[in-house]
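Sending over a structure as C-alpha cells; questions will come in a sec.
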Amino acid sequence: MLDVSSLTGDMSDHADDHELRILQGNTGQEGEHHHDEHGEEEPVDTTVREHALDLATVREKLRDKSGKQYWRTLEELAGNPHFDELLHREFPRHASEWDDAVDRRGFLKLMGASLALAGMAGCGMPDEKNIVPYVKQPDGMVLGRPRFYATAMPFVGDAIGVLVESHEGRPTKLEGNPDHPSSMGASSAIVQASILNLYDPDRSQTTRFAGEIQTWSSFLEAAQGLAAAAKSQNGAGFRILSGTIVSPTLGSQIKKLLTLFPEAKWHQWEPASGDGSREGAKLAFGRYVNTVLVPGKANVILSLDSDFLASAPGHIAYAKQFSRRRKLDSPSDTMSRLYVAEPTPTVTGSSADHRLPVRASDIELLARALAGKVGAGPAATLPAETEKWLSTVAQELQNERGASLVVAGEQQPAAVHALAHAINAALGNVGTTLYYTDPVETEPESNLESLRQLCADMGAGKVETLVILGGNPAYNAPHDFDFLEKLKKVHSSVHLSPYFDETSAYCNWHIPESHFLETWSDARAYDGTASIIQPLISPLYYTKSAHDVIAAFSDKPGVAPYDLVRGYWTDAMGHSEAAVEAGWKKWLNDGVIPNTKFPAITMTSKWSASSLPAFQAALAGQIEFIFRPDPAVYDGRFANNGWLQELPKPLTKITWDNAALVSPKYAEKMELEHKVMARGGEHGQVRSRVLDIELNSSKVTAASWTLPGQQEDTIVLPLGYGRTRAGYTGTDKGFNAYVVRTSNALWVATNGKVTSTDEGYSLACTQYHFNMEGRQLLSSASLAEYKKNPGFAHEGVEAPPKDDSLYQEFSYPGYAWGMAIDLNKCNGCSACVVACQSENNIPVVGKDQVMRGREMHWIRVDRYYAHAESKTNDPSTYNPSLDNPETFFQPVPCMQCENAPCEQVCPVGATVHSAEGLNDMVYNRCIGTRYCSNNCPYKVRRFNFLRFQDWETPQLKLMRNPEVTVRSRGVMEKCTYCVQRINNVRIDAEKQNRPIRDGEIVTACESACPSEAIVFGNANDPNSRVAKLKAQQRNYSILSELNARPRTTYLAAVRNTNTDLVKE
Amino acid sequence: MSAPEIPLNSHPLYNPEPEPVLEPGHTYASVTDKISSIVLTRPLGIGWLAGFTLAFSIVMMLFACLAWLITKGVGIWGINIPIGWGFAIVNFVWWIGIGHAGTLISAILYLLNQKWRTSINRFAEAMTLFAVACAGLFPLIHTGRPWMAYYMFPYPSTMGIWPQFRSPLIWDVFAVSTYGTVSLLFWYVGLLPDLATLRDRAKQKWQQYIFGMLSMGWRGSAHHWHRYQSAYLLLAGLATPLVLSVHTVVSFDFSVAIVPGWHTTIFPPYFVAGAIYSGFAMVLTLCIPLRKAYKLEGFITMRHLDTMAKVMLATGEIVAYGYFIEFFMAYYSGNKFDVFLAEQRLHGPYSHFYFALIFCNILTPQLLWFKSVRRNVPLLFVMSLIINTGMWLERFVIVVISLTRDFMPSAWGRYSATFWDYGTFVGTLGLFTMLIFLFVRGLPAIAISEMRELVHQESHGKEGHV
Amino acid sequence: MAQIFHRSANYLARFSLLGAAVFAGVALTAVLVVARSPYITNQNVTRDQPIQFSHKHHAGDDGIDCRYCHTAVETSAYAGIPPTKTCMNCHSVLFNNVGYLEPVRESYRTDQSIHWVKVHRLADYVYFNHSIHINKGIGCSSCHGAVNQMPLMFQASPLNMQWCLDCHRNPEKNLRPKDQVFNMDWRAPANQDEIGHRLAVENKIRTTAELTSCSTCHR
Amino acid sequence: MSETRSQLYGVMGEFESPEAILAAAKKAREAGYKHITAYTPFPVEDLAQTIGFRWTAVPLITLLGGLGGGLSGFALEYWCSAIAYPINVGGRPLNSWPAFIPVTFELTVLGAATFAVISMLALNKLPQPYHPVFNVDRFARASTDKFFLCIESRDAKFNLAECARFLQSVEAQHVTEVKDEE
C-alpha cells in the first residue's frame, strides 16, 4: 500500500476544511462539499478509463496535480469501475470493518476516507441496501457481539490500562482495565475522549517532506542517509527530542541508537508536568526516584498544591483509593480527612475537608513551616491566619503518624517536594502511605535544562539532525528559548506527530504518528507495571509510530514495532523466546505483564531542609501569574478533540475556551464584571471582560473569569489553547498562555501588567448560577452533624408518602433499575460526561450552540458553592463568602422518575415507562414538541434543535456505537441508564435462564467513575449494592416534594471537618 | 327606542337611554343595497389594493421563514434548554385568544338577545376564523418534525400506537380543530341567506354562478327559515360552552404542567377573560377603520364602540384580578418556587416585560371608565392596539419568564428571539390582514338578512325573536 | 330573474357533496391499506441476487441445518451472512466449475466480498436480537416462513411493528419445543394453547408488559 | 321559456310587508289551501306556523349527534389508553378519566354542531340551485325586500284561476303563475 500514500496527504489538506465542520455543529454544510469546492470543469485525460488500473497508474495520473485539479482527476477516477475495484483490492481490511448494514456508497465513502477521496461521496446508490459479508471471517469473531481487548494508553509518565470495546474490528469505546494498577477499572475524561482522536478526520495522513506528500520508503532512504552522515561524525549534531518516555522498548531503542552515535544527544520536554517531583527527589535523595502514593492507607492527607485526584501519574488509582476512604455506610463509619493548600481551586481542593487558598509561591513557606513543626527542618514564621491553620494540620498529621500523607504538587518547585519527602519521612509515612521505586520513565532528567541545552546547541548551529518524537515544541516551548528561530538553523529536522501542527510546519520531514490503538508498543504505569500496547485496528492512514522512526535511523531500518516489542521483552525475560511465547497471550489478555511492578526501595535522605536558601516571600498584594495545564485539553495536545473542548471544565464550567482566572476580590478591584447574555443566559453565554496581560516581556490578550475560592492575588493562565494549527476543531480557540511563559518563570511569574480593556468576550459557560437558592438540591453536612443527625438530608422537605394517591399505583415486580450517586465521593472530574458521550453517540454541537444553551450531554455535573452569596449573582461582585466557598459537585443524569412529569405531557407517547421503571425515550416516535423538557424539573432532557449529528464523515461513522440509535434533527433525547447495556446483559442472562447478577450491568458513567460515586443496579433486590445505598439515611432525592419519585437518588455529602478550624 | 313593555332586568346590558344600534331611516332595500354593493359593484380602491399588496408581500416573507425553518429545524429560533417554548407558543396563545371574540359575539350575545351584535358579528366571526388559522399554524411548525405531526391524530397505524390522551397538547389538537370547524359552520350558516341575496343581485353571470352555488339554492321559504333558526340557535348554544372550553384547554397546556408560574388554578378563567379582552380589542382594531373606509357608521354606531369598550373594561378587570391572584397564591401558599418566580417577575432580567404588561393591560384600560374616552374613536383605536400588545406580552411573560427560572438553578437560562421568530410572527400578522382584506371585498361584511330584521324591529318597535 | 341553473344542477350538487365525502373516506382507507401492503412492507418480494442461491435446494432438498451458514443465530443479535469461505467448503469440490457459481469462486480468489441484496430490512431504530428468540423457542419459520420451500429468498412476514406486537403480546401462540426451533415444517399442533403456556412458563418468557415496553426493541 | 314544454308549479303573489303576507297566509289557510309556501327576505315570526309547519327534527338530530360524538370520543380514549396498548405513562392510571374529559367534551360539541348544520340543510332539501320559483322574474326581490306567497299546483284545491283570484283578493301584487320547465 506504500505508493497510495502519495495520493493522500495533499487531499487531506483539502479534506481538513470540510470533514470536521460537523464537529462544530455547523449543520447543513456537509455532503456536497467537495463538489462545491472543486466543481469547475477542467480538461481531464480520460484515457485512464480504458485499461485496468494499478496504483502506479493512479499515482502517474495524479503526479504534479494539486488542489482543485487534483480533485477533478480523482473524481474522474472515481467514476472508473477499475478504480473502484482497485480500492477493494487495496483495502480489503476496510471491507471487513462493516457490519451487515452497509451500502455500497457508504463503503466507497469509507474508502474515500482512507484515501481522503471524499470527492466520491457523490456516487449514486442503489435503492436496495446490500449485505457485504466477509470473504474469510476472522476466527472467533461473532457478528454483532462486541469483543474487548486489553491495551494501555501512554500518558505523560504513566500508562492507563484500558479495555477496548471493538465491534467487527472497529474500536468504539474505552473502559478502564480492572487488572491494571493505574486504572483499577476506572478511567478519566481524557482517556474516554482519546478514542475520538483515533477517528479524527483532521489527523495527518501521510508522510511529507517540506509539506509535499512523500512515501514512507522515501523517508526511510532519507533517514538512512542522515544516519550515515551522523555516523561519519560519531553522531555529533544528531539530536532526539521526545516527551517523557515510559515505553521500555522505545527507551532501549533510543539508547541503542545512542550507542551507535556516541556524540548524539537525547532531550526530553513535557510542557505541563513540572520538573519539581523529579528534581525534588534528586535533591532529597541524590538520585531520581519515583514516588508512589497510597492514599487509601492515609487517615490524614495534606496536599500542597497537588491535584493528585485529577492529574499527574496515578491519579485515577489515587482517586479510587481516596474515595474508598470517604465511603460511609453508617454514622459509625470513619472517613479520612483531606487538607488542601492551593492557589486556585482544583478537583482535589474541592473535595477537601479544609481548603486554604495560598499563593503558589507561598506553598514553599508553608512546607518549610510544616517541616519545622514536625521536626524535619528549621521553623518558619507564617501569617497568623495561616499559622493557626497549619498548626492544626501539623498537630493532626503527627497524631496520625504513619497514617498521614503530605503530597507536593507537580507544579511546585523541587524544594517543596524535597520538604514533602522530609516531612513524610519525619511522620513515618514512608512505606505505608507512600513508597519509593526506581523511576518509571526511561531516562529521567530535568526537562527544562534539557530543552535549554538543546536550544543552545541549535542556536549555536551544532545540530545537524533533529528528530522530534511527538510533542509540539514550536508551540509549547518557553518563548525565551525562541525554539522556532533556532529550529530554522537545524539542517534537517524530522517531526513525528499525529497532526500537521505548528512544529510540523517548520520541520523538513513530517511523519504522521499512529494512535495508540493502531500500533504495537509497550508502556509502564506509575508504579512500574508494564503493559503491552496492542493495535486494535490497523492504521486508518499511512501513520507510523516512534518505534518505526527510531528504527529508521538505526542499523536495522524497517523492523516492525511488533518485532521490536517482542524483541525487547525476549531480552527482558532473560533472552528466552520461550518465556515470552508462554506469557505473551496472557499479557495481551490481561493487559499487564505480571511481576513488572517496581519493588519499593528504601531511600535515605541526603539533604536537610536547613540547607535551603532563605525564603523570599512575595510582596503582599503583588499579582502572581501561575500556569496550569487545562483540565480538558491538557497541554494542548487534545485541542482538536471535540468531546474535550465541549466538556465543561470542572470548576469554571467553561467550554471551548480558556480564560484568565481571577479572584472575586481582584475582579471587584478591576471591575471585571460578567454579563449574562440574553441568548442562552446563565445556561450558556456569559460575556466577560478582556484583559491585556504583559508578562515576561511578552503580551497576551485573554478573557477574564472570576473564580470563587481563588487566592486573592493569583491569576491562572491555563495552557493548551490558542493553537494555530490544531485542526478544524481546535484552531484559534482561547488564548495561548505559552506566549508569556518563560524558562525562568515556568510556573509562577510576577511583575506582570494587567490592563482591563473595555471590550468583552463571550464564553460558553454551561452553569453560571452557583448557589442553590435555598432549595434541597445538594444536601451536605459535617461528619459530626451527620453522626448527630444521620437523616439530615430529609429535613425541611416533606415528600408525599407513597400510598397517598387516589389511584392504584403501578408496581414493578421484576427488576426495578435504579441509581445511587454518592456526593461524598464525586469529585467533579467529569469522566462520566465523556464516557456517556462516547457510549451513546452524543454529538458535539460547537461553541455557538453551547452558548445558546443547547449542549447535548446526557449527564452533567452541577457545581454548587454552599453558602456562597453575591448580591448580583455575579462572583465578580465581591462578597467574603466567595473567598473560599465549600464546593460540591452533583452529577445529574435522567432521574428516571416513577411519576415522570415528562411522560404525562407527551402527546404521542414518545416517552413512556417501561415495566422495569425506565423512562423510555422513543426517538422514532418523537415529534419534538419539547413539552417534556419544559416539564422536566431536573432539566436533563436534550433536544436536537438542528441536525447536530454528522452523517457524512466516514471516520466518525466507524466510531459510532452500533448498539445505540443515532438521533437526527428534531427529536428529544436523554439518559436511558444505558438501556442497550441492560438489554444485552438481560438477553444473555435469559438465555441461561438465570436472573441478572448485581453489578453485571454497568452503565457507562458508572464504569468510568474513578471514585466509585455512581452505582447502578436492581433496587428490588435488597442485596444489591444500589439497594443498600438507597437504604442509607443519607439517601435522598432531589426536589422530593414534587413527588416525581426519581429512581436516581443521591447520598448526601459529608465533610470530615476539623472542629478546631471551624470559624465561630 | 327599545320597547317600554320590556322589563329592565331582561337585558344584562340594558341601557336606560338606549341610542340606536342602527341609524334611523333605513329600509330593507337600503341596507341590502349598501352592504351588498361593497361586494358586487364597488370598484377596488387604491387603499384596498395598496393594503392588500403589502399584506400579501408579508405573507410571502412568512413562507420564506417557513421554508428556512423546514430546511434547518427549529434551532433557527431563539429557543433552547430550559426555554423549550418561545415565540411560537406565545403567538399561538395570542392568536387563539383573539379568535374568541367572534364566536363570543355571535353566540353568547345572540343567546343574550343583544341587538347590537347584529352589525358586527359577521366580520367578528370572519376574524375568528382567520385568527384560528394563524394560531393553528404554530403548534404544527413549532414541532421538531412537523412532517410527523400526524402522529397526534388517532389513526390505526401499522405501529399499533395511539396518541397519549393525558397530554394537554392532544386536548389542544381536538379543541382547536373543533373550534375551527364549528366557527366555520356557524359562519357559513349565517352567510347562507346573504349569499342568496348576492346571487339574486349579482349582475355578472360568474357572480351569479359562484354565489348561486355557495347559497345552495336558498329561497328564504318559511320552512327554510324555520329550520334555519332552530339550527342557528342550537349552534349558538353549542358554540358558547365551546368558546369557553377552548381557551380553558389552552390554559391547561400550562396549568397542567408543574413549572412554577404555569401550575396555577386561576389560569382557565383568567385565560378566557384574557381571550375575550384581546378579542374585543382586535374587533375594535378592525372595525374602526372598516366603518370609516366603507362609510358604515350608520350600521356600526357609537353604541357599538361604547359597548365593546365596556366589555373590554370588564374583562380587563378580570385579567387584572388574575395577575393579582398569581402573586397572592404564590405568597399565600408559601411555595418557595412560586414565590421566587413572583419576585423574578418584578426584579428578574425580564421585569421590563412585566411592567410593560401591567401598563398595557391594567393601567391603560382604566381610562375606559370614562364615557368621553369610550366615545373618542381615535383614542379607542390606539387603546385597542395597546391592549393587543399587552395581551401578547402577557403570554410572553407566562411562557418564557416561567421557563427561565424553574426548579434547578444550575439549568437556568435566558431567551431572546431571533430574526426568524420575528419574521414568522409578523408573517402571520400579514396573513391575517390579507384574509381580512379578501373577506371585506368578497363577502358581505355585515349580516344583511339580520340587518333587514333589525330594520323591521326598529321600525315596528318589536323585540328580537327567538 | 331568470333561472341560473338547469334543474340537473340539483342532482349534480347533491351528488358532488356526497361524492366528496365518500372520496375522502375511500382515500383515507386506501392509505391505511397501502401502508400494510407489500408495496410498503416488501413482503413476498424476491430480489435479484448476484448468485441465484436457492434455500429450497440447500435447506430443503439437501437438508443443511440453518446454523451451518447462519452460525451466529444462537449467540448473537445477527444471524450472520456466511462468508464466501463457507460456500467454498463444499463448492470447491461440488459444482466447482459451473458458470453460475463463478461469482463465488471469484470472490474467494480476489478476496472481494459478494454483495448480496438485503431481503429482510428492519428500521434502523429497531434492535432485533435473533439469539434470544431462538433460545426462547421461537422458530425460524415463525418469522421467515418456510424457507426450505423458497427457491429465491423473500420476506415472508410484514415485519411491521403491529406484527411484532401481536407475538410479543401473546408469544405462546408461536412457542415451540427447543428441538423444533430449526424445523421449517413445524406447524402449531391442535393443543398449541396449552403447550404454549407450558413452554412460556418453562422458558421464563417475560410478561406482556415487559415484552411490550418500548425499550425492549427501541434504544 | 314559452318554447319548452312546461308544467304549472303554482301561483305566486307578492306582498310589501311581513304583516301583509302573514295576513294573506292566514286567509289562505282558512280558504283551505294546504300546500302554500311563503318566501321572505328575513325570518317572519309565526309565518311557518301559520302555513302549517310546526315541528322540525333538527334539535333531535343535533342531540343524537352530540351524544354520538361524546360517547365515541371517550370510547376512543379509553380503548387507546387501556385496551389497545396499555402502557404506564408517568405512573398515571391507564384509565385516566379526568384527563379524558376535554376531548370527550370537544367531540360532543363537534358531533352536535356538524349534525345540526347537515340536518338543517338536508331537511331543507339543500343544495337545490334549481327551483321553479326562480323562474318568476320578480322573485329576485325575495332576498331583498319583497314577500311572496305561493300556492302550489299539487294542492288538492288548486285551480289556476281561483288561486289567482284569491291572491288578488288578499292584496297581492304581480300575481303570476310559476312554471316548472321539463
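The first chain written gets the first letter, and so on, giving A, B, C and D; residue counts start at 1 in each chain.
Convention: contacts are C-beta pairs under 8 Å (C-beta built on N, C-alpha and C of every residue); 3 or more make two chains touch, one makes a residue touch a chain.
Note that the coordinates shown come from a computational prediction; the quantities given were computed from them, not determined experimentally.
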Of B-C and B-D, pair with higher C-beta contact tally: B-D
Centroid comparison with subunit C (C-alpha atoms), farthest chain: D
Rounded Å distance between subunit B and subunit D, as computed from the means of their C-alpha atoms: 30
Between subunit B and subunit C, centroid-to-centroid distance (C-alpha), Å: 53
Euclidean distance of C-alpha centroids - subunit A vs subunit B, Å: 57
Inter-chain centre distance, subunit A versus subunit C - centres from mean C-alpha coordinates, in Å: 45
Of all residues in subunit D, the ones touching two or more other chains: 85, 87-90, 92, 127-130, 134, 140
Multi-partner residues of subunit A (at least 2 other chains): 901, 904, 909, 912-915, 925
Overlap residues in subunit B, where contacts from two or more other chains coincide: 159-164, 166, 170, 199-200, 212-213, 216-217
Of subunit B, residues touching subunit C in the complex: 155-161, 199-200, 208-209, 212-213, 216-217
Residues of subunit A that touch subunit D when the two form their complex: 807-810, 897-904, 909, 912-915, 1045
In the complex with subunit C, residue positions of subunit A that touch it: 85, 88-89, 92, 95, 99-101, 104, 128-137, 142-145, 814, 912-916, 918, 920, 922-925, 963-966, 976, 979-980, 982-983, 987, 990-991, 993
Of all residues in subunit D, those that touch subunit A in their complex: 87-93
For the subunit B and subunit D complex, residues of the former touching the latter: 27-29, 32, 154, 160-166, 170-171, 174-175, 178, 181-182, 185-186, 188-189, 193, 196-197, 199-201, 212-213, 216-231, 234-235, 238-239, 241-242, 245, 249, 252, 449-450, 452-453, 456, 465
